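A short worksheet on the structure shown next.
Chains here go by letter, A, B, C, D, E and F, matching the order in which they are written, and residues are numbered from 1 within each.
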Amino acid sequence: MSLALIAALPFLGALLPGLLIRAGRNACATVTGLVTAFALLGVLLHAPAVMRGEVVTARLEWLPALGLNANFFLDGLGLLFAGLILGIGLLIILYARFYLSTKDPMGQFYTYLLLFQGAMVGIVLSDNILLLLIFWELTSLSSFLLIGFWKHLPEGRQGARMALTVTGAGGLAMIAGMLILGNIVGSYDLTVILQNKELIQGSDWYLPALVLILIGAFTKSAQFPFHFWLPHAMAAPTPVSAYLHSATMVKAGLFLMARMWPVLAGTPEWFYIVATTGLITMIMAAKIAFFKDDLKALLAFSTVSHLGLITMLLGFGTAEAATVAVFHIINHATFKAALFMSAGIVDHEAHTRDIKRLGGLRHLMPITFTIVCVAALSMAGIPPLNGFLSKEMMLEETVHTVWLGNHWVMPALATLGAMFSVAYSFRLIAHTFLGPVRTDYPSKPHDPGFGMWAAPAILAVLVVAIGVMPMTMVGDLVRTTASAVIGGEAEVYISHWHGFVPALWLSVFAVGSGFVLLGLHRPFEAMWLSTPRPEAKAIFDAILEPFAMAAQAITDRLHDGSLARYLAVATLAILAVGYYAFESGVHSSGTRTLTIIEPVAAVGWLLLIGATASLFNYHRNRLLALVLVGVIGLMVSVGFVYLSAPDLALTQISVEVATVMLLLLALNFLPKDSPVESTAGRRGRDGMIAAAAGIGIGALIYALMMRDFAFPTIADYHLANSKPGGGGTNVVNVILVDFRGYDTFGEITVLGIAGLVIFALVEGLLRGGAANDRLLAWVPDQKRAGDRHPLMLVVATRMILPIALMVGVYIFLRGHNEPGGGFIAGLVVAIATIMQYMASGFGWAAARQRIDYHALIGWGVTIAGLCGIGSWFAARPFMTSSFGYFKLPFIEKFELATAAIFDLGVFLTVVGAVMLALASISRIAIRAGETVNIEPYDIQPDEEQTEGAR
Amino acid sequence: MELLVASAVGLMTACGVYLILRKRTFPVIVGLAMLSYAVNVFIFASGRLAIGLPAIITKHPEGYTDPLTQALVLTAIVISFGMTALIVMMALGAFLETGDDYIGMEEREQPAGPKEGAE
Amino acid sequence: MIPYALTFAFGCFGLSLLFNLYRIFVAPGVVDRVLALDTMVINIIALLVLYGINTHSAVYFEAGLLFAMTGFVSTVAYCKFILRGDIIE
Amino acid sequence: MNHWIIAPVILPALLAPFIVLVMRHDLSLQRVFSTAGTAVLAAISLVLLYTAANNPPEVYYLGNWPAPFGIVLVLDRLSAMMIALTAVLALLVQLYAIGTSWDARGNHFHALFQFQLMGLCGAFLTGDAFNLFVFFEVLLIASYGLMIHGGGAKRLKAGVQYVAYNLVGSTLFLFALATIYSVTGTLNMADLAVKVAELPAGDAALLRVGAVLLLMVFAVKGALVPLQFWLPATYSFAPGPVAALFAVMTKVGAYAVIRIFTLIFPPETAATGTLFADILLPAAIVTLIVGAIGVLGATGMARLVAFAAIGSMGTLFIAVSQFTPQAITAGLYYLLHSTFATAALFLIVDLLQDRRGNDDLRIALPPTGQHGLITVLFFGGAIAMAGMPPLSGFLGKLLVMDATRGANMAIIWTAILATSLITIIGFSRAGSQVFWKAYATTTTMPKPEGKAEPLAFAVVFALLAGLVLLTVTAGPVTSWLTDTSTELFDKTAYINAVFTPVKE
Amino acid sequence: MEQIAEITISVLLVAAGIFGLVGSFGLIKLPDTMTRLHAPTKASTLGVGGVLLASMLYFWIMRGQLSWHEFLITMFILLTAPITANFIAKAHMHRFGDKNTMPDTGTPRDWATFEDESKEMEPVMTRVEPKPKVTASDHQF
Amino acid sequence: MLRKLFPHPYLTLLLVVTWMLLVNHLKLGSLVFALILGIIIPIITAPYWPDRPALRNPIAIIGYVLIVLYDIVKSNFIVAGIVLFKPSSQLQSAWVTVPLDLRSPEAITVLAGTITMTPGTLTADMSGDGRALLVHCLHAPDPEEVRDEIKTRYEARLMRIFE
């Protein structure tokens, strides 16, 4: 079976339990087990080859640009871990089937479990460190799901988050480390990296890479000071704890250290960081475990302690120590998984895991007691069990290790750790199972069914078997694995008796003093309890909560909804980069001479400046502000006329009027004044920002105007080709409808969209809700004069409207050759129509002539678009214009250009958009209680007074 | 003349920027309109100033001003008209929905004290 | 002769504009300012036409026509706003 | 000349008014035609993608005017990719809107949607700087309409802010364009590339000002700090499907930066040099940090996703700021990823919000209909967004990190990894609060019925499936993107294509 | 002929200038809004009218091209000036006017501007009250 | 039918003239086009001008226009004199009520416009029933005289034209 398939199997299989849960819990568990068994089978089929020293590989190209490929390989180390993961996984699946209650969503559980299993298998099979990283992070994610499985428990959620945070953070550090490693070697393939020890250890980046990778490993393996998450992960269901925290996830860190051992180990940096961390972890965790009353917490800290032990062994950097480490990994997996499952059984049966509430279970649960006894004695290092073998070998290694020139520190401290280990192991047995049977168990315990104790029993048998005949059971496995770890041939010799070596004395001492320690548990516990000590969760929360609060405070402060501040920041940023760009560049001063200032122009300037200054001053009076905007718009238009831009002037003035109209219409409902709300300081600050912006923009345009630039502008072409190529003498208009007609197409689309959005907006406002209620209760906030529709205006409009429409047609038609065009014509017609509305009211006018403004917009955009498409039929690109001169009898020659059709589209869209906006605002007014008159004017002089009401 | 145009553009920009930094929708919209005036003149002036030389082809030209910048300004004017119309209506809609015309979402600073209120 | 007359007329209307500006700065209320704006439009139309004479160009008259139209409409709109609030009721 | 090039603009541009004209009052018809239109657009975009992949840049001369005097459209790999991305996303989002009846909560949804597509496609295709402005405006105004679709006080207020902020951006765009035109005398992007490369030294400062102002404009669109302020409220108050569509809007900013600053102002330009990288990189890093902090500090789910979107723009801009083919490849891959991831999350949050009544993280509410399903979807989306394995976000980040080895490696990597952690914490806190704590508030399981909305869920699944696909096919995709960024840095090909004489 | 035209044009221009100036001067010199309203609406019309006439003559006689656009502008201004004045006066009366200082209308009704909302409800105007709840489809413009 | 085609024949005429003035040349093509517009536009705007005002004596308009033009010129001189030379303290402005005999809205509008354009007077408002005009005088020592002049010089003539 291909390694890729083995790695993929759990992921593919993860779908099944979720789907099959409807077929029942047994089916669900069976299929999960089958998937795992199948994967295990796949691994085992490769076992003979691996044991022969071969390396099985599978390569799959994935992301070659990055060097990330789905490359897998299976050597001794991978085989051991894959076996552990899948083998123990199988047992856990069996156990969980009986452990989980009917209320728990079992399908979900098995899905998560398989995802986790797949991630773990992936880690140990990866031949690409980037791929390994992916699986690495996947274990963090899937364990997050597993730990938080009981979603209703706050401890579960918090424990899951803590585990994810810590291991996730470690994973991220490891990403950096791995990338650096790949960078040094030039490949992310493990097999390549593992052959470059000198290159890596000689690199300047060795230490950063080492530290970053170790952070990843230590967090995952719960090494000091990252150990705190592990006990909190115990909020998970016991099968999870048993799986994650004995055999798999926590061992991923060990796996990684073992995997990278050939290229990272052997340096002083490695030794002091890894060995010291392992040693500290071992002692500290063992001590804590001794004082824990929760069975699972005790086991959790004992796990941390044993992981420290293994870490320390790997840290020694010698082949012998590494071999011992491998052996202890096997041993620990067997006894610890058995213990976890047994603890789960006790919890399941007695409904408590508190040692203080237990005791005497030996009589009630003999099978469980036997299993625990075997496993715990192994953990304590009592011969002939497997734990004894590896622990003694470990002690032996410490004896040969010099730490900062000191020969006794290592063995002494390791023995101390072993002592605590003995103590908590015995306590586990004694305080839970020995002593008298109690009457106050939360639930009357008894041994569970076979299904539940089978798995730990199998492991207990293994503990004994390996202990009794280690070389037969695991000799080859340890050798193969250790060879893979050290990258050479490992020598394995496991024996119960080495003679009277120092390790034996240390071991004896540890057991003895462990006994004593257990006897003194009560006084020590009193001391322990009275000593203040950091609580992991409190510290974690103390770090994370303020951080989260600060994040919230920063975010809320930064994005507080104050547009004024947003825009102030934006303005300052823009000014800053603009200034920086200018200052850091070369600028030659202006080459042009100033155009002379005619007095009239100066007066116009004065008016513009004066009106703008007044706007600063009076902007709070909103009506006045609009009058001033009118003045400014007028002066800008006049400026355009003066500076040879008649089209601009026409457009600007009509747009300005239309804008002011809309603003007036809106102002009717809005407050008429803007109150003073900013402090003087803030106004001053805003004034400074505004002044800076004004100076910046003014200086920029001045510099631009004063300089002749190197290149001729493309406008020369437009001037030359406007008449011959575009058929019009008004170059600006020809640019608009021809050279850059596509821009204009976009521009009228904008207008059309504006109309549609306004309509949709008003439709929404009037559909009901706060706005509608507010309108229904509307009371005008200013005194209203009588005579809504003064007679004089109505009568005058009857003349002005037709004339204005005619002017509109005129401006439309002449646009191609003289100032004008569809847009201005559209606005003229729109303004003329507004005049009619002002005279007799919108409602009155609309009732007399129903115009579908939507259709105007729709047709406008469509006509413009179709006009552009038309040129396809002449095999020309979109918007290719053509024009011709025609002569009809009796009538002078005239020009017809397709651009005029386009301009018609522009015209219709403009009229439609403006009218739709007015119509919308008028609907708001009608909802606010405004009435529609039936006569064009209020005053009826031709009506007989006696007639009275009609 | 260039000085006049540049200073006018600068002042209109400054006025626009000052107004968009206010707290109510209406002055902000007026400020945006001012900014659009300013930028229109800016674009126009970036094609240089010419007096009495409109870009209308004649038989005996003394020269023409840059027609392209004018066309760009026209496009810009139209677009900003559409945008202004839209934001006016949105501001009105927001006012009708919420009952106030603050442009800030949460911002409700206390009005300035009587001393500062006297402008 | 005409150039002098033109210059004189330019001067007069230019000065007129300054008077309008004064009225926009200093006025008892918005109505006077609307009046000033309306007058300003008239003066500007005159200036435009003078300008057309000066440059012998007839291109600017459309602008004059449109200024007259928009000036009228906006004055009415401002007044209608003061009178009724809604200008197109 | 290949008329298909303009089809992505013309099709929605004519379909939208057709919808307004013919079927304004018939939502079912609108749905049929609009969806069909988007589907056809997607099909065309795939054809264009295929064409672009096998040909040098192809140019469409609008009005048959030669470059640089008229407006040209340029179809190259990048523009084809962006259009295809837009079309595919749009189709999914539209189906979601139909599936949840979002499109019925206001008028003109489909017409505005088509106009939005017109604007996006136009912006991606154009080879003219001013035309880019015009189509920015088209896409913006359509987005204003879509943003306030459905109305409501908060949405309107946020909408006003969004519009106001972007109007300032549009004004800035014009200042920048006028400056650049004044200095170079041209608007055609290929012509600009030629002129800028030959610019006399004395003109440099003014051109630099124009160019950085342009950069700031795109920074507004791309939500680069300190111009990101408009985004959180806009995206979180916009209707779910609209926010999802907006996932591609920020990318318009990134696209424009990539296009303009590789074609016109590449780092070897004498006048501008590394000016833009010097500004972009620090801003991008801060953007990443602000986004991550926002994810951790957000009090609402939609806001959280909005900040995640900001953060993703930071990552993207870090890649872009390198201005190397390798980094642009990484950036483009991340762009594809973050578009789908952001869209998926906004839709998921919309599903949640719709059932839960709100998205406030501070309130624990019991599970609602389809709670479990939404939980799974959220978990997938969060993994993608936070850049956790195995989804494309992780690959994207690896690519970006791999491409940023160099002088600023330490700070860039630290920023990316540290913010990843913060983002993970933020997502896990929010997710466990909303999805897990729900079980603590009640003992009864949610009623399975509720709103079914199978189409909506299918769309979300499709988006997540897209991410999976992007992950699985990362090899071919990055190889395609490598060719794309190679093409970007080979500006002579682009310039030659534009200046090929018009064939009659 | 040319000489006469030149003199005519010049006189027209000077007169127009003076009237225009007087109109705007009146705007700042006269004491209250109502009197100020007289100055521009009259003087300015002749001012601008004179300029327009001069322009017509100028282009006709001096340049040989008769342009009627000026005539149109003049007509337009003459047509609209009274309306403008009327509206400004009404606006002023509404904002600052005192009903009691106005002369009597001599008819049963008050001046139109002063007729307030309640009067407006009287029989002269029949108003179409909108339905209290208008559904969306009623107002499809 | 003819009424539908030419809702306001005078308006048609006015528009044709306006168009010819706009295009600024007298060619057949333009005239044809002017006629087309002159017919179409009044039809479009007809709904806003429902009734056709009676013009009893169109020829009399010419005389009226001449008188008014003369008065406008005269009024300008008078107003200019007042503005320039009369101190504000001596200004005797006054409100005058002008009762109306005219009933046609068009006629009243013309009268009101005339008042505004002529010596020192300005139509400020109308009574609610349209039976009186409110006229403001810039300088009117004798308001009665102003009212009488308006009634005799303008209103009487307009009565002849319109009614």
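Definition applied: contacts are C-beta pairs under 8 Å (C-beta built on N, C-alpha and C of every residue); 3 or more make two chains touch, one makes a residue touch a chain.
The model shown is predicted, which means the values in this text are computed figures rather than measured ones.
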| item | value |
| --- | --- |
| Path length in steps (a step moves to a chain that is touched) from chain A to chain E | 1 |
| Chain C and chain A - chains in contact with each | B, E |
| Taking each chain's C-alpha mean as its centre, the one farthest from chain E | A |
| Most widely separated chain from chain F, with each centre as the mean of CA atoms | A |
| Most central chain, Cα average position | D |
| Distance between the centres, which are taken as Cα means, of chain D and chain A, whole angstrom | 15 |
| Chain centre separation (chain C, chain D; CA means) in Å | 48 |
| Between chain D and chain E, centroid-to-centroid distance (C-alpha), Å | 54 |
| Euclidean distance of C-alpha centroids - chain D vs chain F, Å | 62 |
| Junction residues of chain B - those touching two or more other chains | 20, 25, 28-29, 38, 42, 46-47, 52, 54, 56, 68-69, 75, 79, 82-83, 86, 90-91, 93, 97-98, 103, 105 |
| Residues of chain E touching at least two other chains | 18, 23, 25, 37, 45, 67, 69, 72, 76, 79-80, 82-83, 86-87, 90, 93-94, 108, 110, 112-113, 115, 119, 124 |
| Interface hub residues of chain F, defined as touching at least two other chains | 18, 22, 112-113, 123, 125-129, 131 |
| Of chain E, residues touching chain F in the complex | 18-19, 22-23, 25-26, 29-32, 34-35, 37-39, 41-43, 45-46, 66-69, 71-72, 78-79, 81-83, 85-86, 89-90, 93, 101-113, 115, 119, 124 |
| Residue ranges of chain A touching chain C (in the complex, touch as defined) | 599-600, 603-604, 606-607, 610-611, 614, 621, 623-624, 626-628, 630-631, 634, 637-638, 641-642, 646, 649-650, 653-654, 656-657, 660-661, 664-665, 667-668, 780, 782, 784-785, 787-788, 793, 804, 807, 811, 818-820, 824, 828, 831-832, 834-835, 837-838, 841-843, 918, 921-922, 925, 930 |
| Chain C contact footprint on chain B (complex, rising order) | 52, 54, 56 |
| Residues of chain B defined as touching chain A within the complex | 1-30, 33-34, 37-38, 40-42, 44-58, 64-71, 73-75, 77-79, 81-86, 88-93, 95-99, 101, 103-107, 109, 111-112, 116-117, 119 |
| Chain E contact footprint on chain F (complex, rising order) | 18, 20-22, 24, 72-73, 75-76, 79-80, 83-84, 88, 91, 93, 95-97, 99, 112-117, 120, 122-129, 131-132, 134, 136, 138 |
